[in-house]
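Labels run A, B and C following the written order; every chain starts at residue 1.
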Amino acid sequence: MANWIPLWLHKLGSPPIFYRFAGTLRPWALGLALLLGAAALYGGLVLAPADYQQGDAYRIIFIHVPSAWMSLFIYGVMALASFIALVWRIKLAEVVAMESAPIGAAFTFVTLVTGSLWGKPMWGTWWTWDARLTSELVLLFLYLGVIGLYHAFEDRRQGARAAAFLAIVGIVNVPIVHFSVNWWNTLHQGSTVRILGPSKMSGDMLWPLLTMMLATKLYYIASLFGRVRADLLALESGKDWVRQIAEAEERR
Amino acid sequence: MSRPPLAAACAALLRRDLVLAWRRRGDIAMPVLYALIVATLFPFALGPEEALLQRIAGGVVLVTVLLAMLLALDAMFRGDIEDGSLEQLVLAPQPLALMLAMKILAHWITTALPLIVIAPLLAGMLHLPGAAMPVLLLALLLATPLLSLLGAILVALTAGTRRSGMLLALMLLPLCVPVVIFAAGAVSAAQQGLPWLAPVAWLGAALALALVLAPLACAAALRIALDA
Amino acid sequence: MTASPARPALLEARALAFYRQDEPVFGPLDFQLAEGEIALVEGDNGSGKTTLLRILAGLLHVEEGELRWRGEAWQRDAQLGDVLFLGHHLGLKGDLSARENLAVAAGLYGRRDEPGPADALRRIGLAGYEDEPVRRLSAGQKKRAALVRLLLLPATLWLLDEPYANLDRTGIELVNGLLAQHAARGGAALVTSHGAVSFLGGEPRRIRMHA
């Protein structure tokens, strides 16, 4: 492996530098996320035309699809951070991986809830063993496993490293689960309902969807940075830079 | 004063674990008893109607065996951690992954093999047709080592924690979903007279992969979990 | 200090330090250990004696500072089998006899050409108890069942965490005899103990631990 990677990572991975970097970026990300989210909701719930088949019920995709997308994206980020944490033993990567997990689990949960809400008018039942919904449920368990393992250790860093390993095992597992669930689904029922037919998507529907995807990304960044900052303070509570921050806070 | 031969080390460890299991024969019987109890409860819950039981028999036996294995999984390394044997194993001048593979093998022999032996009995109680029985056994022969190997990684990860029973179940569930799907799929295909080779082949492929990778992952996980 | 430049020290620590959750456990610590040298690691409870031994054994990750093994950067795989670690947990299986436990250890670590296992068990003072399950032995006998590895397994560096605990006077003398013999054939050892211990070979090297 090239030598500059660990060097570069170590530089940005330094807790005080990242703390300041995240502190300045976070309000912008949060503000932009709320703005874009509001715009996307307006576009999706008000401006976009009703679907000729599903009426207004389809509008839940403006929440459901970006959440589903984020649930996978965050798992990817978590696994990548986990890999970096295990290979180069960088504390920041451990923190990013572990603080991503609850956010990802929340998005997964939202995906499941909105999916089942959507399922009621679509299929007439709250829960159906649809391949995607089932995979999403397994993904939730993967997230919960990582969170549970992290908290099972007394030593937080050790817990983070063990949970990071589990996250990597999990990402190998995700495509296998998806493949097997698909296979199982075709074995037991006819075909699954397609959620997004690309051809059916009109521009009026597409832009709110893409805007919402951007908003959820920014929200993830804002939420992650807030959590990571808090965690860094707790983890480095003995260090000088934290003491300086505490003193500055006290003087105010 | 040279490094001990690998085969001797493997044999010593395998022999040790088997002797230990034999001296505590009662513990071997527990998962078997558990599986028997769970399988017995199904007819009580669902009614003794033969057609219904026949339909669910394969899946019930598989899930029962899985749960019974999960019950015993927690003990795979716990004794060794508590008495310090694991430290000695980690420090031995032997490839750790191979040593762990021996431990996993011993664990499979002492927990999964008895379950496979009584699986026909359980399946018979649930009226699984005789024609599907060989497929069930084949599926179990491939699925149980897979579960042992995957479980070993997770047990190794929880090695540094105190009690891990529920956590282990939570962590194992996503990993065993594909295993259960293909194993049960093979049995139900055989029951319906459909070709069942494809899911069994998938299981076999997964097992071959896990045989190579899981001990390595297990060794890495153990090093992480013990480093404190 | 007097180590000749031709032969690097068996083990050398430079500014070795360890942190647990960013709290310093010990260090920075500097020491050298040559072949044929026995050193006593001293320190109060919680001064990190056990942690130091676990690091040197390769059970814990070196967080800060440098370790050298035979003059080269320390690597876990390079020293495996050349180091014998005896910790608080004795690594004995209660359901196996002392003889069976020893056979497993020899299978994993290899063994010296002599003494034979039976002879070693006799010399460690377990004659007549070789085939008793270890869990039925007394605390001191269990300790001896673990210490018998010192006689049988080939290793240059012994890391002994509280080897004198639970031992009676003859047991302590036995350990001292083993250490003297080990040093005479060029072996080295780090021994932790909070009791006052007199070695047969006079004053040992001392490494003081401080947080």
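Observations on the model:
Here, contacts are C-beta pairs under 8 Å (C-beta built on N, C-alpha and C of every residue); 3 or more make two chains touch, one makes a residue touch a chain.
Bear in mind the structure is a predicted one, so any value in this text is a computation, not a measurement.
In terms of Cα centroid distance from the overall Cα mean, chain B ranks first. Interface comparison, A-C versus A-B: the higher count of C-beta contacts falls to A-B.
Between subunit B and subunit C, the centres computed from C-alpha atoms are 37 Å apart. Subunit A and subunit C have centres, each the mean of its CA atoms, that are 48 Å apart.
Mean C-alpha position of subunit A lies 32 Å from that of subunit B. Touching two or more other chains at once are residues 227-228 of subunit B.
Taken residue by residue, subunit A touches two or more other chains at 155, whereas all remaining positions touch fewer. Among the residues of subunit C, those touching two or more other chains are numbered 20, 61. The part of subunit A that touches subunit C in the complex is made up of residues 89, 155-157, 235-239.
Touching subunit A in their complex are the following residues of subunit C: 20-23, 61. Listed in rising order, the residues of subunit B touching subunit C in the complex are 1-4, 8-9, 11-13, 15-16, 19-20, 23-24, 79, 82-85, 87-94, 99, 226-228. Across the complex, subunit C meets subunit B through its residues 20, 57-61, 80-83, 85, 87-96, 100, 103-113, 154. Residues of subunit A that touch subunit B in their complex: 86, 138-139, 141-142, 144-145, 148-149, 152-153, 155, 158, 161-162, 165-166, 169-170, 173, 176-177, 179-181, 183-184, 187.
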